[in-house]
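Got a structure for you, written out below as structure tokens; questions coming shortly.
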Amino acid sequence: MDFNFSKQDEKFRTEVRAFIDQNNPAGRPEDRSPKDIQAWNQKLAEKRWIGFSWPREDGGGGGSVIEQFILKEEMSKAHTPALGSDFMGLAWVGPALIRHGTAAQKDRFLPDLLNGRSVWCTGYSEPDIGSDLAGLQTKAVLDEGSGGSHYVVNGQKIWTTAAHVAKWIFMLVRTTSESESRYGGITCLLIPMDSPGIEVQPIKSLVGYHSFNQVFFNDVRVPVENRLGAEGEGWKVVMGALANERSGISESTGMERQLEDLKELARNSKKNGRPALEDPAVRRELGRYESMISAMRLNGLRNLTKQLQGSPPSTETSVNKFLRGQLEIPMADFSMSLLGTAAQETGPWQTNSLTFHGVVIGGGSPNIQRNIIAERILGLPKD
Amino acid sequence: MNFGFDEDQELLRLSVRKFLDEQCPLEKVRELAQTPSGYSAELWERLAELGWLGLILPEQYGGSGQGWVDLTVLLEEVGRSLFPGPLVSTLLAGAAINEGGSDEQRSRWLPGLANGSRIGTLAFFDADSPFGPDGIAAFGQRVGDGYVISGEWASVSDVSEANLFIVAFRAANEGVTLAVVEADTPDLTATTLAGIDATKRFGTLRLEGVRVAAGSILGAAGDGSELATALLDRGAAACTAEIIGAAEALTQITVQYAKDRVQFGHPIGHYQGVKHPLAEAYVDCECMKSLAYYAAWSIDESPGEVAGSVSKAKGFASEAFTRIGVTGIQLHGAVGYTEEYDCQLYLKRSKWARPAFGDEDYHYERVATLGGV
Amino acid sequence: MDFNFSKQDEKFRTEVRAFIDQNNPAGRPEDRSPKDIQAWNQKLAEKRWIGFSWPREDGGGGGSVIEQFILKEEMSKAHTPALGSDFMGLAWVGPALIRHGTAAQKDRFLPDLLNGRSVWCTGYSEPDIGSDLAGLQTKAVLDEGSGGSHYVVNGQKIWTTAAHVAKWIFMLVRTTSESESRYGGITCLLIPMDSPGIEVQPIKSLVGYHSFNQVFFNDVRVPVENRLGAEGEGWKVVMGALANERSGISESTGMERQLEDLKELARNSKKNGRPALEDPAVRRELGRYESMISAMRLNGLRNLTKQLQGSPPSTETSVNKFLRGQLEIPMADFSMSLLGTAAQETGPWQTNSLTFHGVVIGGGSPNIQRNIIAERILGLPKD
Amino acid sequence: MNFGFDEDQELLRLSVRKFLDEQCPLEKVRELAQTPSGYSAELWERLAELGWLGLILPEQYGGSGQGWVDLTVLLEEVGRSLFPGPLVSTLLAGAAINEGGSDEQRSRWLPGLANGSRIGTLAFFDADSPFGPDGIAAFGQRVGDGYVISGEWASVSDVSEANLFIVAFRAANEGVTLAVVEADTPDLTATTLAGIDATKRFGTLRLEGVRVAAGSILGAAGDGSELATALLDRGAAACTAEIIGAAEALTQITVQYAKDRVQFGHPIGHYQGVKHPLAEAYVDCECMKSLAYYAAWSIDESPGEVAGSVSKAKGFASEAFTRIGVTGIQLHGAVGYTEEYDCQLYLKRSKWARPAFGDEDYHYERVATLGGV
């Protein structure tokens, strides 16, 4: 057991810190201009730290698992902007292209991803299927009239983040309904969002924020060369990208930051007329959160070690996803309790306490995580 | 021995429910939430006509002379439909004058509160003071047999709509005084703040050297602590009644969603992971009802039990509604996050209601003290 | 709404209190001798307060629902011994005999029940069926050889409280396996425990206490006149007796007593070196318990009111059963936390914290209560 | 960067597990629980031969010179099998002398502790003092360069079996002193109390005017607070390691039961009401491991992090094992209540372990303080 890093890795950390010192946009995160962020991303791209985990031959940085960890940890601690602007594209599309794309597809899409010129959204969920992604109904039929050169897509996606600004969608469609498995007959397509027949409708969140959309597909024609992977292999294409998730270190540093904010709130709050920090229950609750957040960070490091030793990323990540929900809900309620009647006003804590569940559900609801752990790890029978 | 509502009360419940379902369904509530005042003046007049604004005021002052058990029935239904407006505030202002005022004061103010022409509210605490009668700040200066008061009261319900304030303050080395201050007093500023629940409006009341004459003081000057406690308890009881209606409505909406929504081949309500939290929400609602009904009865019939029974009811309701708010949204999954579904309206109400008239930390502490520990 | 009692009922309460003053055995409950308790029960029997809810023509007291409530409440508050010594017989056998017994059966069994001469146990659970009582496998076959005058019983019962001291068992057997419903084909028999072929094996609890047993039936011959109700009607016979449960007032007074003990413990405990009662979290937790226990009591009174207005006792009692579990588990953990390292020693709090779940499970596990509430009250689909 | 065990550690785990499975399965644990001493002297000798009693002691004193990470592996397996005996006590006594003693003291006592001929234990608190170094009571009187001590220490593990006590006390106006007291000292009384978990023995140590010479004092007289803290942290770390093994074993037993037990036509593990608490137990175990392994590593490599990492680990483990204990019994249903099923053995251990070396209230408070609040 050794929590120290190699000299090589420490050198890399020094390099990252120096880069951050020099390039992290000045001022508070919420005051950054698009220009600041663009400049930041350009510097990052020069370093090949966007797509840092991708092979160098695909234009990526070829960073080791440990180097990726160090890069994310330092960035997160320093509250820098994100690594690259096209979040969905970098998380899902790039890894899928690298594994399953043709040379032509890689040439066409990867450089834009790395240079911040693309904006991707992803289309998995559909209105009637909820967490049961494999139940998708959006259909793509090969148009025999065009000699099989195009698919024609009909259907509807929902919870599509950023569809209203995206240039492309990376999505799953059903190409045949006859298949031995529910996961067969699913195909992955890459479709320009300005294709005729695509309509985007915003979904407003309960705090009035717009990031989700419904996307309707009405006889949308998609050239077959925009298919990623073979027909019927779409499930594998997407799940392979999903498994690309690593230690979840930014998840636990994110929670650490939330805890710091919560401590600051507690320092400035009262409980029944006395400083909240004199209330042992408040103190113990903060100690409990801190312990659980440490556990998340260390769980991530244990997973990382397993990956370094060659195990594939596994369902173990469900543990931290579940813990995040177990923490965010009570932490939000706790912050509201510290605010007292001020909790009735609007403000960042209040918004957070209304939207935590968006975050929680975004990573799969706690019940889904419980099922994954119980069935895949403990081997209990499926419901 | 009869722990149930009588026929008149059941009829009251039906007529309130019918009225609100017809006149103010959730679409209407959403509309009103977009307006500056947040409520409908037209419906307010109808409430007055139906006798609900004066429900607990004596008949001689234009009220219907009913008790807190009846009021609980009304407010449960009001809470169920998230009906917006200065109803609870006005009822509490009426209770303040009725229970603390002289005959002359009652004659002066109660008829207006009962017929809807006056909107009343309580202004008790500044932003920093803890909840409870001890938290009432020293904003008054004794001048003759009256006071001059200056200060800023926070979390004043319906502050911009009210034209009659029951203001609590104290002079240095004196006990609490409660006085009636009308909105047209010079040097009075009411400011509404942006709130988490658009169906509940509130803000700050600022008074700068406002003179309060002896005739506006409820009861004896400096001797209002008991009245203040009584009003805070009535406020907590009213708030709990609204919570019950809202919590039950959210539970019902979520039960229905669990029956309708199919996932992995079953309605989600088939799974114990959904079924069990809903069973717990039901149990929470039953407990809230039992505690709140008893608290209302004790306000009417058993003064010595009010403090304990109200604190049990509001303490439990604050916790339970918070739980049910989260359960409702979680079981709805992603759609619970959207503006479109109604469950979010109740989630916001749960956030508003928890600290209103004391949260569970305040009330459970009080239950413990009253319980001899 | 009216929490006052009628003059008549208040008179009855005064009578009960006077009786308690005069007859409640002196000293602490744990110091009472069998003789004290016998004397107490004899006095009670004279008053007809044993079997108080039963019709007077069957030897009962004919007490109204309210009078039963008052009687139980006063007894529970005064920590008197139980109402009668044959707990199982009075709770299950008497009510079933009154509804379904022949005149001969009533004559034979009821007087002994009322006069404390009987000791009954009940046989419902079986090893492989758990909470699913209708799945019972113990068989009774009419012995054609004897001209149909006897059943021959074979099988096994478990969790049979007091089987090692009981003189009779009131039990369910399967008389036919072919039935349209799972509840058909079940018959109720009354069997002397000294019948040849019955063997009792003790089950020791985790604290070494013996109250449960396994009971084995090996060709046990039971005269047909010992059948209670018609063949195949056993489920109805037993469930009717179960529905006889009333407001559950002794349940909430029992919890009130536990809370008083817990407060006393808190008064004498320290937390991190300071008096536990100075810790706001301890105080709030006691306030929470007190509020929930009040809710239980009031839930009981609301049910009682419904019964007075003519509704049959319903699944509403599941609410209080569930609440009891929700309270007993954390209250037990809380008591242990107050004890600190003394929690490692043996003692009544410790025993309680190990056995609460016996009580909780005794009334049906919390999950069973949740299912009953969700399915029967909320109408959610069966699992 | 490597948050995993090395090959030697994995081998150690396998050999401990094999030894305990073969030599001390749960039937044997149940048997030993009925004996007066509560453990097997024969197996104790085997532990010494295998080098496990001296695992963390330097080789020159008969130990194996391993670290706390290795010890954690050993204790996880010991906890898993509920192996009874004065192992942890003796290890901690060894740590006290090794970390606080002079070379002379080490030579005098460590070989006996490593070879099993000496059984050691810590005696730190009286019955009323709070946990933590501040709770060490003033039982000593300075006499020359030594002390005379009188008092009663509570919750002393394996008190009747130990023949070497590390006693903590202070003289009036002095800091803490730690001293070695041998069991054959006159005026020493050890009394075992009846305990909730028969596999863990403890009781009170009474000293009446016992003289402690300078040569028996570990470190400088009156300056033992740091050493005491270090030992309490090591005790908490050891206790957490045992908890992990026990909690995981109980989870596994319950998972197996949920797979085997059929109700209403399905194995009960099919129902989310059973499945979900088991998933939570798994998550709890994973978190306990992460926190405990890091705490062990920091004892070996990063002294500045010991206090925080140990308190996080023991605080969380105290809570989590309590939860898992209840879950295990509840999911077993009625059979969980019987002496026959093994889950009750782990439930009892969970009750014992929660307050041992500080409960969650103590440790979370400390985490908060160290975290700057």
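As written, the chain order gives the labels A, B, C and D, with residue 1 at the start of each chain.
Methods note: a contact is a pair of C-beta atoms (placed from the backbone, for glycine too) under 8 Å apart; a residue touches a chain by one contact, two chains touch by 3 or more.
This is a predicted model, so every value here is computed, not measured.
Engineer: Farthest chain from subunit D, going by mean C-alpha coordinates, please.
Structural biologist: The chain lying farthest from subunit D is B.
Engineer: Looking only at C-beta pairs that count as contacts, which pair of chains has more of them, B-C or A-B?
Structural biologist: Result: the pair with more contacts is B-C.
Engineer: Any idea how many Å lie between the Cα centroids of subunit B and subunit D?
Structural biologist: Centre-to-centre distance between subunit B and subunit D: 53 Å.
Engineer: Any idea how many Å lie between the Cα centroids of subunit A and subunit D?
Structural biologist: 42
Engineer: At least two partner chains per residue is the criterion; list those residues in subunit D.
Structural biologist: In subunit D, 271-274, 276, 361, 365 touch at least two other chains.
Engineer: Where does subunit A touch two or more other chains at once, residue-wise?
Structural biologist: Residues 271-272, 280, 284, 367, 370-371, 383 of subunit A each touch two or more of the other chains.
Engineer: Which residues of subunit B touch subunit A once you look at their complex with the stated criterion?
Structural biologist: Those in contact with subunit A are residues 125, 127-131, 134-135, 154-155, 193-197, 200, 202, 261-264, 271, 273-274, 322, 326, 329-330, 333-334, 336-340, 344, 347-348, 351-352, 354-356, 359, 361-362, 365.
Engineer: Using the touch rule from the top, collect the residues of subunit A that touch subunit D in their complex.
Structural biologist: 1-6, 9, 66, 69, 263, 266-267, 277, 280, 283-288, 290-292, 294-296, 298-299, 301-302, 304-306, 308-309, 316, 319, 322-323, 326, 367, 369-371, 373-375, 377-383
Engineer: Any idea which subunit A residues touch subunit C in the complex?
Structural biologist: 271-272, 279-281, 284
Engineer: Help me check something: in the complex, which residues belonging to subunit D touch subunit A?
Structural biologist: That would be residues 1-6, 9, 69, 255, 258-259, 266-267, 269-272, 274-276, 278-280, 282-283, 286-291, 293-294, 296-297, 301-302, 309, 311-313, 315-316, 319, 360-361, 363-369, 371-373 of subunit D.
Engineer: With touch defined as at the start, can you tell me which subunit A residues reach subunit B in the complex?
Structural biologist: 125, 128-132, 158-159, 203-206, 208, 212, 270-273, 329, 333, 336-337, 339-346, 350, 353-355, 357-358, 360-361, 365-367, 370-371, 383
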